[in-house]
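Two complexes come next, and they have one chain in common, chain A, joined by chain B in the first and chain C in the second.
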Partner chain A sequence: MTDYRATQERDRGQAPGAVSPAPGTGGTDASAVTPGVTTYPAAIAGGEVGGRPSSLASDAWADLRRKPLFWLSASFILLMAVVAIRPQLFTGQDPYECDLLNSVKRPSSGHWFGYDIQGCDYYTRVIYGARPSISIGILVTIMSVIIALVLGALAGYYGGWVDTLVSRSADIFLGIPFLLGAIVFLNAFERRGVWVVALALTVLGWMTLARLMRSSVIQARDMDYVSAARALGASDTRILVRHILPNAVTPLIVYATVTIGIIISAEATLSFLNVGLQLPSISWGLQIQDAQFRFESDPHLLLFPSLFLSLTVLSFMVLGDVVRDAFDPKLR
Partner chain B sequence: MRGGVARAVNGVSYTLNPGETLAVLGESGSGKSVTAEAIVGILDSPPGFIPKGEVRFRGDNLLALPEARRRQIRGQHVAMIFQDALSALNPVHTVGSQIGEMFRVHRGMSKADARKRAIELMDLVRIPAARARVDDYPHQFSGGMRQRIMIAMSIALDPDVLIADEPTTALDVTVQAQIMDLLAELQRERNMGLILITHDLGVVADVADKIAVMYAGRIVEEAPVHEIYANPAHPYTEGLLASIPRVDMKGQELYAIKGLPPNLMHIPSGCPFHPRCPYRRDDVCTTKVPPLYDVGPARGSACHFWEEVLDGSNR
Partner chain C sequence: MGRYVARRLLQMIPVFFGTTFLIFFAVFTLPGDPVRALFGDRRPPQEVIDAIREKYGLDDPFIVQYGKYMSNLFQGDFGVTLQGRDVLDVLSEAWPISIKLAVAAFAIEVIIGIVAGVLAGLRRGSFIDNLVLVSTTIVVSLPIFVIGFTVALLIGLPLARNGILPSSGVGGGWRSYVLPGFVLASVSLAYLARLTRSSLSENLRSDYVRTATAKGLPRSRVVIRHTLRNSLIPVVTLLGVDLGVLMGGAIVTESIFNIPGIGRTIFQGIQNQEGSLVVGITTVLVLIYLFATLLVDVLYALLDPRIRYD
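Take a look at the complex of A and B:
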């Protein structure tokens, strides 16, 4: 594989690597070629010696594979995902099967996390609490990413009044204080389940992702390959979907990972403030709220849900961080 | 930001016949690329716009056609290649799929057929081991090879007119010659009209049939290639030719045209070249915009004193 490339360059009367960056050149070289585009300098920088076609994704993967933080956060997220999908695998008990006689019993060998006020097995409750927290985090992020993809791409690509409309709407929503807005919005609902809370958080949280997408699309829109595609007869839709989006979507995906963590903690905050999920739903935020007045006497009530919440949020943040680093050629 | 309207191109007109090569020559900012973008219809608008003018292709005014029809013409009849092939190729798609895209968009071919055609085209532009490299990404090719791929894309549908916007500027000298040879050969074989935009007088001499020299958004001289080299009819062309380093002038100071290219927001009154012109006469040149005078068969010069320039008395 390497050989023919070298020969071919020699045949063309060029010193090997005279024009194309030498394999394995550092990020400085690569980013000097076109600053601003996240995607392809990464691909250059990682060009492997004698390698198979290296793409941005495969380079990032090679980078990630060597990072313990990636494995740590990813495996914890995976674990929590399984917990959220099938809590039955981790506990044989029914979270609603409670006995007031056991109220606030301390952790013991059979019941590692003890019991809550209602006398329910706290381990089971915490395990079942993962599902609403994580599903809200993921739901909100998916909805925000869809909004960001559509609005950001349209605003960035067409500019003009579309851009003005989208950008000013984002400004207006950013002007709403997050908690105040959430409290007002959520108080309008009698029953607040996962979907209602997710909707509130999406309405108040889509702007950052949309702005990110917009600027990323603007950057890609001015690239020569977009002009080239247009000069060779591609339609607007084709240019946007095939040429701009794949080059603009990376920062969005990376930030979306971080967003999941942010949203999970936002959901906990809202539930804690009594405007998020309601009993009898089970969620970490509700458990923390329950624990707030008795954490001096029964610290385990606060400890376990907080621990799970913090670790989950932290994992998403860390994962977002390492993924961003892996996709960012300037940090190579 | 808002400083007014810059007339990047003003009163430019040229004709290209099938199989003919026209070189558009000029320094940075003279409007040569903007003219090309306007012809192809990829002028960024806003901020760019065309207040008036016509682009006639086989009798149709392209500017008046609906966008859908123009899009069919782009790529199929008029194609364009760019200066920097690396940034003109999409980094996230393989070269094969980018060349094949031409057939899929315009001809509705299947993926497999398009890929086959892509390999044929890569062979045609002489990329070694085309079959093995069709699934490689643009960054895995050298600069010259990338430009070949760009050329393969642009000639995929056998266009009638190919516009090459400084196709060799980003390449080193040996590769430049190969790319020019390839372009010239493809043009001969396919009887394509070629518009070659460049600021490099050396590149055009062997390839072009005629030359249009642009300055400050206007054509200042138009002539068959040999005549312009032998005897320029405009002081700007004369200055350009005198600026080429020559072996027999070794040791002497290089000639440079005095002054700077004009700011397109404030193009000088009268002849735009007058502040830098050695032939200037203050009464005429600062007040009257020179038309493109007919100075010979198929020759034009936008200089009030073209006879003097042709005479060469001032050189």
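Take a look at the complex of A and C:
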């Protein structure tokens, strides 16, 4: 599934971040040969740069600020992040405190989401289900971004055999359909916790990000400011880290946002197929799996975890979309 | 072009071996013991275990097992399942069903996806455009099993009660494939609609469209003959990537709708630790996937003369 966005990115012809931002302000320790580069991280963090809102990032921020979809998705993600970090804030109950007498009771005013088959308060279970899902999404994305940064930058900058090695390895991993590969890999583990699932998904999912990074490094590599830096005697490491990476990283970050959503969805699918997280872990996928054979008699068991899962995935996807649009100069 | 295809075919060889090696590694270094799994709770005599391990070569070093397997494979021998059935037999039983499902999904995807994309792309910002955008975003974000349940519950059940469409299994002829095909197609359909939309609306602003309009051609001809044909070129690349999605989606869809195709077979194989079955099916899938990607790249160059690989 992850391949689609890469195709789209490729079809746009030009990665948004590869376009060099307008000349910087020189407010920080910017050397004259690296216009734009030094202002870039600052621009991402702060929005306006020294009263000259002309850089790509500050334009993008100005654009984003006016978009209701941005605020909607960002605030839902923030909410779910708080839920994942401190579920106790949202429910006073223990998710493992269940009473079989309450089994599959319907939603009521005291218990909005009703009870599950074991008689656990379903609202509490759904709230506690956020943490594993979101941690896997974020863990996998962080690990994949690190792999993509290193491999993509090396392959794109040095080319030659490094590029061949990285690209062919990516091809090998891309040859395995994502879901199929994840099922095969995960089935090899008898005990599957958050880390095992996260590692398996990273092994199978880093390629798209690495390819994206590689192509945007290749685009940045031939820019004039890189030649200028090289003419002034900057080392490869310095050129790569100080000049190329800041200009090439934007598409990676944008796509990483979308990746979080894709991974959360994949984790739920795997748990649903019984090869992801295992009981007694609490996860939306497991809840949906539990509810699948009762969807006629007790639809609420299927509805609530599906709703939270879908809204979370949707928010990450929408956020990625609006941020990409904001950073894509072709759409201006 | 010929040189490009030759180079791609050569590149495919290490990718094929790398990918199958990975799958083989994951399947056959499983901590679980397939022989024990075969007997369930009962513990067979040690001699029986030894005989089975011997027969399936389970005691050979890993790399030897892989080599043997691959050399058998090239002689058309996919091995036998632990129940003693030929893997090719199992495959040939499940293939036709999965192919029918894939064809149904593909047809639904192409028809609805392109029509929705064209309607949205023709009038950017209109009600239809927004409808398509919102609905595709939602469909893309929903995990496929959620879509599957929603369709099975909200559409499948009422239809099945009235006897219009069967809600599971493949007993009802082509009708059995409508709902699962729709579910399987949903995600790709959404991407296809979006790509068609953006590609079409981009092309509508181009010079040749203005020229065609200025010549006085009717709008339908401008859109269909001039714009659409150009806009569908990137769509072709999407369809290739699609195959991988269809394969993954088939596992979930076939489970939900109880369809005895490749997806369900491979999933059961994985759960029963049927190593040779899993590796056999996966190898075939990987081959199809690799050739489809190549075909799409070649097709892309044939359709768009601006793209040259050599």
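Just so it is clear, the second predicted complex is superposed on the first by the 278 of 332 C-alpha atoms of A that agree within 3 Å, B and C clash if a C-alpha of one lies under 4 Å from a C-alpha of the other, contacts with A are read in each partner's own complex, and residues count from 1 in each chain.
Keep this in mind: contacts are C-beta pairs under 8 Å (C-beta built on N, C-alpha and C of every residue); 3 or more make two chains touch, one makes a residue touch a chain.
This is a predicted model, so every value here is computed, not measured.
Novice: Which partner chains sit in contact with A:160 here, chain B, chain C, both or neither? Use first/second/both/neither.
Specialist: A:160 sits against chain B, while chain C stays out of touch.
Novice: Touching A:75, do we find chain B (first), chain C (second), both, or neither?
Specialist: Neither partner.
Novice: Mind working out whether A:265 is in touch with chain B, chain C, both or neither, as first, second, both or neither?
Specialist: A:265: touches chain C, not chain B.
Novice: Is A:179 contacted by the first partner chain B, the second partner chain C, both or neither?
Specialist: second
Novice: Return first, second, both or neither, reflecting whether A:233 touches chain B, chain C, both chains, or no partner chain.
Specialist: The first partner, chain B, only.
Novice: Looking at the overlay, does A:225 come into contact with chain B only (first), chain C only (second), both, or neither?
Specialist: Only chain B; A:225 stays clear of chain C.
Novice: Does the superposition put A:247 against chain B (first), chain C (second), both, or neither?
Specialist: first
Novice: Show which residues of chain A both chain B and chain C reach, each in its own complex.
Specialist: In the superposed arrangement, which is not itself an observed complex, chain A uses residues 4, 7-8, 11 for both chain B and chain C.
Novice: Which part of chain A faces chain C closely enough to touch in the complex?
Specialist: Residues 1, 3-4, 7-8, 11, 168-169, 171-173, 175-181, 183-185, 187-190, 261, 265-266, 268-269, 272-275, 288, 292, 295-296, 299, 302, 306, 309-310, 313-314, 317-318, 321 of chain A touch chain C in their complex.
Novice: Mind listing the chain B positions that touch chain A in their complex?
Specialist: Per the touch definition, chain B meets chain A at residues 37, 40, 42, 46, 71-76, 79-84, 86-94, 101-102, 105-106, 128-129, 132, 135-145, 150, 153-154, 171-172, 174-175, 178.
Novice: Which chain A residues qualify as touching chain B in the complex?
Specialist: My answer: residues 4-5, 7-9, 11-14, 18-21, 33-34, 37, 39-40, 43-44, 47, 53-56, 159-160, 223-225, 227-235, 238, 242-243, 246-247.
Novice: Inside the complex, what are the residues of chain C that reach chain A?
Specialist: Residues in contact with chain A: 11, 14-16, 18-19, 22-23, 26-27, 29-32, 137-138, 140-146, 149-150, 152-153, 157, 187, 191, 195, 199, 234, 237-238, 241, 244-245, 247-249, 251-252, 255, 266-267, 270-271, 273, 278, 282, 285-286, 289-290.
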